[in-house]
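In order of appearance the chains are A, B, C, D, E and F, and numbering begins at 1 in each one.
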Amino acid sequence: MVYLTRRETFNAAHKLYNNKWTEEQNIEVFGKCANKNWHGHNYELFVTVKGNPNPDTGFIMNVKDLSRIIKKEIIDKLDHKNLNVDVDLIPENIMPSTENLAVIIWDILNPLIKDAILHSVKLVETENIFVEYFG
Amino acid sequence: MVYLTRRETFNAAHKLYNNKWTEEQNIEVFGKCANKNWHGHNYELFVTVKGNPNPDTGFIMNVKDLSRIIKKEIIDKLDHKNLNVDVDLIPENIMPSTENLAVIIWDILNPLIKDAILHSVKLVETENIFVEYFG
Amino acid sequence: MVYLTRRETFNAAHKLYNNKWTEEQNIEVFGKCANKNWHGHNYELFVTVKGNPNPDTGFIMNVKDLSRIIKKEIIDKLDHKNLNVDVDLIPENIMPSTENLAVIIWDILNPLIKDAILHSVKLVETENIFVEYFG
Amino acid sequence: MVYLTRRETFNAAHKLYNNKWTEEQNIEVFGKCANKNWHGHNYELFVTVKGNPNPDTGFIMNVKDLSRIIKKEIIDKLDHKNLNVDVDLIPENIMPSTENLAVIIWDILNPLIKDAILHSVKLVETENIFVEYFG
Amino acid sequence: MVYLTRRETFNAAHKLYNNKWTEEQNIEVFGKCANKNWHGHNYELFVTVKGNPNPDTGFIMNVKDLSRIIKKEIIDKLDHKNLNVDVDLIPENIMPSTENLAVIIWDILNPLIKDAILHSVKLVETENIFVEYFG
Amino acid sequence: MVYLTRRETFNAAHKLYNNKWTEEQNIEVFGKCANKNWHGHNYELFVTVKGNPNPDTGFIMNVKDLSRIIKKEIIDKLDHKNLNVDVDLIPENIMPSTENLAVIIWDILNPLIKDAILHSVKLVETENIFVEYFG
C-alpha cells in the first residue's frame, strides 16, 4: 500500500454561533469566533488515498483525477463562500467547525474515489490549528 | 541603519463590492471576491522599522514594544472581524482591498512608532498574493 | 473519531552531554551538540487529541482550552529556558534529547486532557529533524 | 516507541512516459509529465524510524548516522540526476513515479538501518503532491 | 505607490553546461549542475508591480489580470519543460541560469503590464537559492 | 544588476543581558531574553550579492563559492555555539542582539566577496522576528 496526498486550498468566511444559546453563552464558548458578522480563513485541504501502484503508470490513482474530483466537489463549493450561509453541503443545523467540515468532506469524497481507497482528510484552518479524519 | 521586522497574524472576512456598480459589473471586476456573503483570509502582517542599534540594548527598538503597538492598534481591531462591516479604521467609502488595508495600517502605525522610523508594511493575503507599502 | 492538532512554539538552549563519559566520548557521540556552553533551537510543538465532535459546538475539545493547558504546563516552563539547567520537569539524569522531551511532554499532558484523548506529541527541533510519540 | 524523522532534499529531472504506449496515450494519461525532454523537481525526502530511546544518549538512533545513510545510499545517487536515465537504483522497466520511488527508497534503506526500525518514507514532489510508504 | 506581488510556480529541467568548454571545465565550474542528462527544480516566481490604488476597486491592477499574463507568457512556456531544449524564449547561446532566466522573464513581462509598473521579478530555485531583478 | 541570495542556517544559544545594569533593569528591558542560563534559536541567514551575469556562466558569482565563504567565516563559527561566550567574532562589550549580529556578519563578509557586491544580510531569529542590514 502506498499513500498519495493532494493539497488544494480555499478561502472562506464562517462563524461559530449556536442559535440555541444566548449571545453571552456563544461568546463564552466560541470567543472571537462567534463574531456575528463572521471572520475567515485560508483553508488548506490535504486528501490522502491509498492503493498499489499500477505497473503501467506507477500511479495509485492519477493525481490529476484526484485533484479534479476535489476541485469539482469541494473547492468550487467552498471557495470564496460563507460556510454558514452559502454552502449546501453543510447542513443548516451543523456547526461549520473545522472538525465537522473534515467529516463532511470525507463523506462527499469517499463514494467518488474509485481508483484507490480514501485514507484521510486533513483540513488546516490556521498555521496553529488543523484537523484530520480517517473515516 | 538596521531594519527590524515583526510578524503578526489576523483572520478576517471581507468582500470586494462597489455599491456604485451593478451586480454584473462587480462580478466582472472582482469575480469570486464579490460574493455577497463574504469570504475570508488568514492575513500575515509584517511591519518593518529602521534605525541604529542602541549600544546598551543592541536594539533599534524593543521588538516587544513594536509587537504591543501592532497588536493594540491593528490586530485587536481586525482579528476575527468583518473588514467591510465591523472595522472603524477602514472608512466606509474605501474598498477593503489588501492594497488599501496596507496604506491604512501604515497611516495608523506611523505616528505611534517613536523609537525608530517606520519603513514598510507588508500584508500577505494568500500564499500567492501580498502587498507592500513604504509610505 | 476526529483528530485535532494545536501548534505552539518555544525557544530554548540545551546540550547533549553525558557526565558519565569523557569529553572525547561525548564529542564522538554527540558532535557539535555536546558544546559545553550550550546551543539552542526554535522548537515547534504539535499536540494532537482525538474524540467525537460535540453536536452543540462542533468541537472535539475547545482548542482554546487545549492551547491554555499546553502553554501553562509546557511552554511557560520551557520557553526562553536552558533545558539542562532551568527546567524541573526534565529529571537531572535524563538527557534533554528531542526524543526524551516528547515523552516527558506526553506524560505531563496526558492526565490533564479530559475532554478528549491525547493521541500524539510531535516536537520539531529543526527543519530537518522531528520526533513523534504516541504514548 | 518514539518516532524520529530526518529530512533530506534532492533535485532531479524525470518524465512519466510508457514506451509500450503511443505518444497520444502517454499525453492522455501523463499530460505535461510526459514531455519527452523531461521536467524536474526539488524533492523533499522524510525518513522516519522508530525505537526506544537509549538511556545513555536519549537517542533512538543517532540522527547523524541516519542522515549519513540516507545521503550515501539515496541522495548521492539521485541528486542532480535524471531519474529515467542516470539512476541504477530505479530498474529500467519501472516508471519513476513518486509512488514507485518511495517504495524503492524504502527497499534500499530498510536492511541498512540497524539501530532502529524503519517506519516510513515520505517523498514530497511539489507543495501539492506527496507520497508515503510504510513497507 | 503600493507594491503588489503575485506568486506562480513551474517545474522544469535544466543543466548548466557551456558548449565552448571541455567536460572537465564544465564540471569544475558548474559541479553537479553540469550533469549531461539534466536535473530539475520546482521554481517559484514572484512578480511585483507598483502603482496607486484605483478608488473604485482598491486595486493597483487586477491581480487576476497579472496572474493571467504571467501564466500565458511565462508559466505555459516553462512548466514541465526542459529549459535548455524546449523553450524558445531562452536564446540558444544564453545559459539557463536562474539569473538569466529572471532577466528574460522581466523583458517579456515589462511591455505587457500596462495597468501598473513592473517593479521586480524574483525567481526561487531551491529553498536556499533565489534571484531578483529590478530592470 | 541582478541580485542573488544564498540561505544558510545555524543553531545557537544566547542571552540579552547588560552587565552594567541590575537584574531588575535587565528583566524590565529584555524580559525572558535575559534568562541567565541562556535560551536559543534556529537562525536563518540570507546573504544577497549583486552584479551582472557573466556571459560564460550566467552567474553573478558562483553560488557554491558564496556558500563556502558563508560557511567558513560565519556558520562554522556560530553553529552550535553560545553567542555570548564562545564566539570571538562578537566583541565582549557588544550585545548579541540579532541587529548587532547582522552588522557583524556584514563586516566580516564584505571584504571577502570579490566576484560580486554584497547587498544585504538578513538574519531570521524566529518566524516572527527578522533583521536586515544593507551596509
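Going forward, contacts are C-beta pairs under 8 Å (C-beta built on N, C-alpha and C of every residue); 3 or more make two chains touch, one makes a residue touch a chain.
Here the structure is a predicted model, which is why all the values come from computation and not from measurement.
Trainee: How would you label the chain B and chain F contact, same or different, if same means the shared numbers make up over half of all numbers there?
Mentor: Here the answer is different, because the shared fraction of interface numbers falls below one half.
Trainee: Between chain A and chain E, what is the gap in Å from one C-alpha centre to the other?
Mentor: Chain centroid spacing, chain A to chain E, equals 33 Å.
Trainee: Report the inter-centroid distance (CA atoms only) between chain A and chain C in whole Å.
Mentor: Distance between chain centres, rounded to whole Å: 29 Å.
Trainee: Could you tell me which residues belong to chain E and also touch two or more other chains?
Mentor: Residues 127 of chain E each touch two or more of the other chains.
Trainee: Once the touch criterion is applied, which pairs of chains come out as touching?
Mentor: Result for touching pairs of chains: A-B, A-C, A-D, B-E, B-F, C-D, C-F, D-E, E-F.
Trainee: Chain D touches which residues of chain A in the complex?
Mentor: 1-8, 48, 53, 56-60, 62-64, 67
Trainee: Quick check on the complex: what are the chain B residues that touch chain A?
Mentor: Residues in contact with chain A: 9, 11-14, 32-33, 35, 37-42, 79-82, 85-86, 126-127.
Trainee: Which part of chain C faces chain D closely enough to touch in the complex?
Mentor: Listed in rising order, the residues are 16, 18, 20-21, 29-31, 94-100, 102-103, 127-134.
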